[in-house]
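Following this line, the structures themselves.
Below are two complexes that have chain A in common, paired first with chain B and then with chain C.
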Partner chain A sequence: MRREGSPFQGVGAVAVKELADNLSSARMFVLEWLIVLTALAALYSAIDSLRRTTAQDPFLLLRLFTVNHAPLPSFVAILGFLIPLMAIGLGFDAINGEHNRRTLSRILAQPIYRDALLIGKFLAGLVTLAMSLAALWLMVIGLGLIFLGVPPGGEEVARSLAFLVIAVFYAGVWLALAMLLSIVFRSSATAALVALGIWLFLTVLWPMLAPAIAQVIAPPDPRYALLGLQTPDTGIWTQMLSRISPNHLFSEAMVGVLSPTTRTLGPVFLEQLRGAVMGAPLPLSQSLIIVWPQTVGLIAGTIVLFVIGYIAFQRQEVRA
Partner chain B sequence: MSETANDIVIAARDLTKRYGDVSVVDRITFDIAKGETFGLLGPNGAGKTTTILMMLGLTEISGGSIHVLGDDPARAPLQVKRRVGYLPDSVGFYDHLTAVENLAYTSKLMGLRPAERARRITAALARVRLLDVADKRVATFSRGMRQRLGLAEIIVKQAEIAILDEPTSGLDPQSTIEFLGLVGELRAEGVTVLLSSHMLDQVQRVCNRVALFQSGRIVLMGAVADLARQVLGAGFVVEVEADGSGLDRRLAAIPGVTGVETLAADRFRMTADRDVRPDAARAVVAANGSLRRLSVDEPSLEAIYARYFQSQAGETQGARHAA
Partner chain C sequence: MRALFLAPIAIAICLSAPAAQAADSHDIKGLYLMTDYPAVTVRPGTTSTIPLRLQNYGLAPERYQLSVTGVPSGWTATLLGGGQPVAAAMPGPDANVSLQLRLDVPKNASMTAQTLTVKAEGQGNEASLPVAVALAKELPAKLTVESKLPSLRGSPKSNFEYTLTIKNDSGRNLVASFAADAPPNFETSFTEAYGTQELSSIPINAGQSKDIKLKVRPPGTVDGGHFPVTVTVKAEDATAKTDLALDIAGQPQLQVAGRDGLLSARAVAAKQTSIPIVVTNSGSAPADNIKLSASAPTGWKVTFQPSTIDRLVPGKDTEVQALLTPSDKSLAGDYMTTVTATSRGDTASGQFRVTVSTSTVWGIAGAGVIGVALLLMLGAVARFGRR
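Up next is the complex of A and B:
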C-alpha cells in the first residue's frame, strides 16, 4: 500500500530552520574560524614560495591550493583534514539532540513524515558546508589576485570549481556518517566520540595500516626489491585499501584536478607513456575523466551512508 | 469508515502492540465520542503513551485496528496529524528560540500561510496567557509555561482532538489549576480531549469517562460514578454527625442504604447506592436528635483505584496460595 501525501512536505521549513540554527551557532563559528585561520596560514606560506617561482608556472592559481611550504601542509591537505571535523560538528547531534531536548515527538506529531526531518537536516548541513567552502574558495582566489597579481584563466577557474564540487561531496560523506551515528546512538557525546574516532582512524591510522595489510595479502617480491622497486601487486593492493578512506579519495581527486600534469593516479605501464610529452598539462576534460571514479566514490558514499541512516531512523521508536 | 452516526472520533478494536514476546498494549477496545473528555489512567508503563503514539501513527501497530476521525493513522498519518494536536509527556522546545519562533516553526510544518500563522499564534499565546513573554527565549520558561506553550501549539493547529500525555505531572498546584482551566476551555469549544495521567483527582475533575490501564489492558472503563458502583459496591458515602437514640438502626432502615458504620457515639458513615441525605435528615429529626453535620463524599477515583488494585493483589495472592 502507498502512504498518502508527499514525503517532502515540510522539508523546506525544516531546512530553513536548521540552516538558521547552523549559521548562528557558536559551534559553527568556532569551526569556521579554525578552518579560515589554518587555511590562511597555508595560503600565506604558499604565496610566499610562489612569488619566487611565478614565471615558471602556467597554472599559478592552482598552485595556491597545492603548494606546501614546510612546516605547513598545503591548503588542500588542510581542508582534507578539517572538512570532516566541520561536517561531524554539524551532524553529530542532529537526531539524538531532538530526542534529548524532547522535541522529536512534538515535531513528528505535525503533518510531516520523518523523511522531511532527516532530509531537511541533511540539506541544511550540506548547504552550510557548501557556503563555507565557497567562501574559502573565494578567499583563495581573492588572495591570489591581490598577492600574485596574475588574473586567473578560464581553465583555472573551472578546475578550482571542480575542486569546490568534490569538496562538498567529501563533506557530504562525513555529514551523512555523523547523522547516521546521531540516529544510532542516543547520546550526543557517544555519537561525537565515535565519529571523531572514525575520522582519526581513516585520516591518520589507515594510511599507515593500508600498506602493511597490502604486504600481508601480496607479499613483496624480492626481485623487485633488489631493483629498489615496489612490487606491482603490493602497490595495487595498497592503493585499493587506501581508497576505503574518503580522505584518500579526496586527496587523489584533488591531485587530478588541481595538478593538470597528472596523467594517472595508479601504477602505469611503460608502453602507456609512449608518445606522452612528460610534464605537459592535460586538458580539463581528461583530468575530469581521471578523477571521475573518485568523485563517484564520494557521491556513492554519501548516498549509502544517508540511506542506512534513513532506514534506521524510519524504524526507530519515537518515545524517549 | 467506522465513523458512525453518533460521532465516534476514535475507535480502537483489539489494538495490540508487541515488542518481541511482550505485549505492551494487549487487545484493547474503546470508542471515544466527539466532544468527550476521556481519561487514560494507570501506573507508569501500563501502555498509555504507546496507545497514544499508535493513534498518531508514530509507532507501528502489531495487531487490531484504530481509526482516528475515520482515518487509519498507519496509512494516512498526515491526514490524522493535521487534525489531531499532541502534547507529549514532558514536552520540549528549542531553547534558543523564542515562544513565537517555536510556534512559527511548527505552524510552518502544519502548512499554514504566513499571515494566518501570525494571526493564529498571537491569538493562541493570548489565550494561554503567554503573550507578554512571546518574544522571550523558551530557555527562561518554567515548566508550567512550557506546558501552556504546548497547549498553544494545539490551539494554533485548531485541532479537533487534543491528546495530552501527562500534562500536569511536575506542575505546582497553581499551574495545575490554571492548565486544567485551559483544558476546560478547549472542551467547552467542542474539542475532544484525551488526557493521560496518574494524578487521579485531576482526571476526575475534568473527565467524563476514564479507562483504567493495567499492564497493557483496559481493566475498567466508564464514567467515574459507574466505576464507583462497580468497584466500591456503592456510589455514595454519607457521613452524619448527630445525636439521638437508636440512630444507627434508623439510618440502616432507610431504603437504598447498604451499610452503616458507627465511627463514634454521634458519628455514622452510611454507604448507599443513591444520595440518601434527605432521608438521613428526616431520620435524625424523627429520632428527636439534633443534626450537626451531613456530608456526602463524592466517590473518589483514588478510592476506586486503590480498591481495585488491592482486590487484584488479593486475588493473585489467593491464587498463589491455592497453587
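Up next is the complex of A and C:
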C-alpha cells in the first residue's frame, strides 16, 4: 500500500516539543552546567595567562580558545572532550525511551510518519546543542571583551563562527550515533553504555592505537629513526588512522581555524618550506580550505549515521 | 779556471789597500773653516742657513773666537752652534765643530752680490772663510711633486690611485705635508706607497724623494665626466703643485620593483600567474642586455616575458612580466622570491612576497561528498519513507 502526503509532515511539531523537553530536562541542566563550569575555568586560566604573557597578537580573541594554562587544558580541548558527552546524553534514549514508556505507538497513531518523528527528534537535539554552543561562544567573546578589553576584529569573529559551525557538526556526529544506538538497542542503558564505550574508545584509546597500527602497516625505517625523524609513511598512516575518530577531526579543524598561521594539517616536507615566510597568518578563505576536508568528514558523518539510523528505524517492528 | 778568473780581482784589492791608507793619513796641519758651498744664492725676504765646519787638523785644543764681517746693513748674520747663537768654538785635535751661518736677508735688499767673511781667531791660529752671497728673486724649486700617471679613467665605483713622487731639492731635511683639492663629495686620502696607513705629511731627507699614493673615491651617484684634482705639497716655505684628473665613465644602476613599487603578489598553487616587474635604470649610463632571473622556492617555475631587455637608457624604466607557477605541492601562505636583473655593469634584485592560495578543487569535491550523503538520505526516504 502506497501512503500519501509528505513524509516530513509534523516534523515541526515534534521538533518544538522535543526541544522544549530537552531544554527543561534535568539531564540537560546537569550537562550544561558541567560544560559551562569547566569551560569557564579553562577560559579564566587562558585569560589569566594571556594578560600576563601576550605582548601583542593580532588574533587575541582566538587565543582565548586555544591557550592552555596548566593544569587545565584549553577551551577547545575541553569542548572536544565534553561535546560528545552532551550529545550522547541527549540522544541515547531518543527512540528506545519512547518504546519503554510505550508512547511510540501513540505518537505514530497521530498522523505522523516515522520519518517526521526521527528527523524531528534529531533536529531538536541538534538545535539544543547549537544553542548551548552558541551560548558558550557568546560567553567567550563577552569574557574576552571584559577581561582583555580588546574588541574582536571581523576576521576573528568570522573564524570563531567557523569554530561554532564545526563544533555543531561535531556534536551532530555524536547525536546521530547516540540515536542510532537508541534505535538498535531496546534498552536505554545498553544504548548509553555502548555510546559511552565508543566515545571512550575513540577519544582515549584510538589516539594510542592508531600509531601502533600504523607501525604495523608501515614499519618505521631505522635510517629515519637514527636521525630522530618520523618515517613519512608511518606518519601518514598514523594520521589517516587517527582521522577515523571524530575527535581528531574536530581538533585538527580547530587548529586550522583558530590558529591562523597553520599552513597545513598534513605532513610537511622540507622542500615545501624552502622560501616560505613562517609565522605569517593565512587569509580566512585559505584556512577554511585547509579545514574543509575535516568539516566535510564531520558533516558527512552526521548525515550517514543519521541515514543508517533512519533505515534501521523504518525497517523496525515498532508495535511491541 | 775559476782561480784564473779571480786572480785580477785579488790583485786589484791588493793595489787599492795602500792607496786608501795614503788618503786617510794626510799630512795637512792647521785650522780650517770650511763649508760645502762657499757661494750661495738666496732670495730677499727669506732666511737661509749655511752649514759650516771648523776643522782642527793636528793642533792642540784651543778656544777660537768666531766673528762675521762684511755683513751689509739691514742683514742679520748669526752663527749658530748646536741650535743656539755661539761666539766661540773649541774643536779637539783632528776633530771638527759644526756651525751654521744664519742669514736674514731683508726684502728690500739691493740685488748686488755680497761677500761675508767668517773668522775664527785663536792664540796664534786663525782661519777665515769668505762666503759669496748672490741675491735672486726666483730660486729653483726646493720641492717638486709629480705623478707618472696624472690622468686615470674608471667608473663611479672604482678607486682612483695616483702614485706621486715628492722630491726634496732644498738641501735640508723637510717634513712635507700634502693636501688634495677635489670636486665636492670626492673622498681623497694619502697613503704610503706600499701600505694602508693614511698620511698627512711625510719627512723627506735632503736631495731624496719619496713616493706616496693618493686615493680618490668619487661619490657613487656622480655622472660621467672629467674631474680635476690638484695636489699641493708644502714644506716650510716651499710649495709644489701638480694637477691630476679623473675621467669617470657613467655606469648603469638598476632597480627592480613591482608595478607602483608593489613587492607582493598573489598566486595559486600549480597555476601560472603573471606579475608585472618594473626594471629602472637610475644610473648615469645605459644598461645593455639586462638578463632577468629569479630564485624561487623548490619546484616553482619562473620565466620572464621578455627574458632580456636589450637596452635601458638612464632615467627610464621598462616593464617585464614574470610568469610564476608555484609548485603543486606548495602550502598555502607566504613565500619569498628574489628577482634579479643582471647587466654587464650592474646587478639589482628585488624580493617579492608571494601569497600562495591552494586550489579549491578539493573543496568542491568535499561539497560533492556532502551532496552524495544527502542524496543517500533522500534515497532512503524515498525507499523506506512514510511508514
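Going forward, the second predicted complex is superposed on the first by the 316 of 320 C-alpha atoms of A that agree within 3 Å, B and C clash if a C-alpha of one lies under 4 Å from a C-alpha of the other, contacts with A are read in each partner's own complex, and residues count from 1 in each chain.
Please note the rule applied: a residue touches a chain if its C-beta (ideal position, glycine included) is under 8 Å from a C-beta of that chain, and two chains touch if they have at least 3 such contacts.
None of these values were measured; they are calculated from a predicted model.
**Student:** Sticking to the clash and touch definitions up top, decide whether chain B and chain C on chain A clash or fit.
**Tutor:** The answer is fit.
**Student:** Would you check which partner chain A:Leu37 touches, where first means chain B only, second means chain C only, and both and neither mean what they say?
**Tutor:** neither
**Student:** Where does A:Arg102 make contact in the superposed view: on chain B (first), on chain C (second), on both, or on neither?
**Tutor:** Only chain B is touched by A:Arg102; chain C is not.
**Student:** Which partner does A:Leu229 reach: the first (chain B), the second (chain C), both, or neither?
**Tutor:** neither
**Student:** After the superposition, just quote the angle formed at chain A by chain B and chain C, using C-alpha centres and rounding to the nearest 10°.
**Tutor:** 170
**Student:** Between chain B (first) and chain C (second), which does A:Tyr113 come into contact with in this model arrangement: first, second, both, or neither?
**Tutor:** Once the two structures are laid over each other on A, A:Tyr113 reaches both partners.
**Student:** Between chain B and chain C, whom does A:Val14 touch in the aligned arrangement: first, second, both, or neither?
**Tutor:** The answer is first: A:Val14 touches chain B but not chain C.
**Student:** Comparing chain C with chain B, which touches more residues belonging to chain A?
**Tutor:** Touching more of chain A: C.
**Student:** Once the structures are superposed on A, label A:Pro293 by its partner contacts, choosing first (chain B), second (chain C), both or neither.
**Tutor:** second
**Student:** A:Ala212 in the overlay: touching chain B, chain C, both, or neither? Say first, second, both or neither.
**Tutor:** It touches nothing on chain B or chain C.
**Student:** Check the residue A:Arg319 against both partner chains and state whether it touches chain B (first), chain C (second), both, or neither.
**Tutor:** Only chain B is touched by A:Arg319; chain C is not.
**Student:** Return first, second, both or neither, reflecting whether A:Ile311 touches chain B, chain C, both chains, or no partner chain.
**Tutor:** second
**Student:** With both complexes overlaid on chain A, what's the closest CA-to-CA approach of chain B to chain C, in Å?
**Tutor:** Checking C-alpha atoms only, chain B sits 7 Å from chain C at its nearest point.
**Student:** In the superposed arrangement, what residues of chain A touch both chain B and chain C?
**Tutor:** 3, 5, 113
**Student:** Which bits of chain C are touching chain A when the two form their complex?
**Tutor:** Going by the criterion above, the answer is residues 296-300, 327, 329-337, 353, 355, 357-358, 360, 362-363, 366-367, 369-370, 372-374, 376-377, 380-381, 384-387.
**Student:** Considering only the defined contacts, which chain A positions touch chain C in the complex?
**Tutor:** Residue positions touching the partner: 3, 5, 7, 113-115, 263-264, 268-269, 271-277, 280, 282-283, 285-286, 289-290, 292-293, 295-296, 299-300, 303-304, 306-307, 310-311, 314-315.
**Student:** Which positions of chain A touch chain B when the two form their complex?
**Tutor:** So the residues of chain A in touch with chain B come to 1, 3-5, 9-10, 13-14, 17, 21, 101-103, 105-113, 116, 317-319.
**Student:** Hey, which residues of chain B end up touching chain A in the complex?
**Tutor:** Touching chain A: residues 49-50, 53, 56, 58-59, 75-79, 81-82, 84-88, 90-96, 105-106, 108-111, 150, 153 of chain B.
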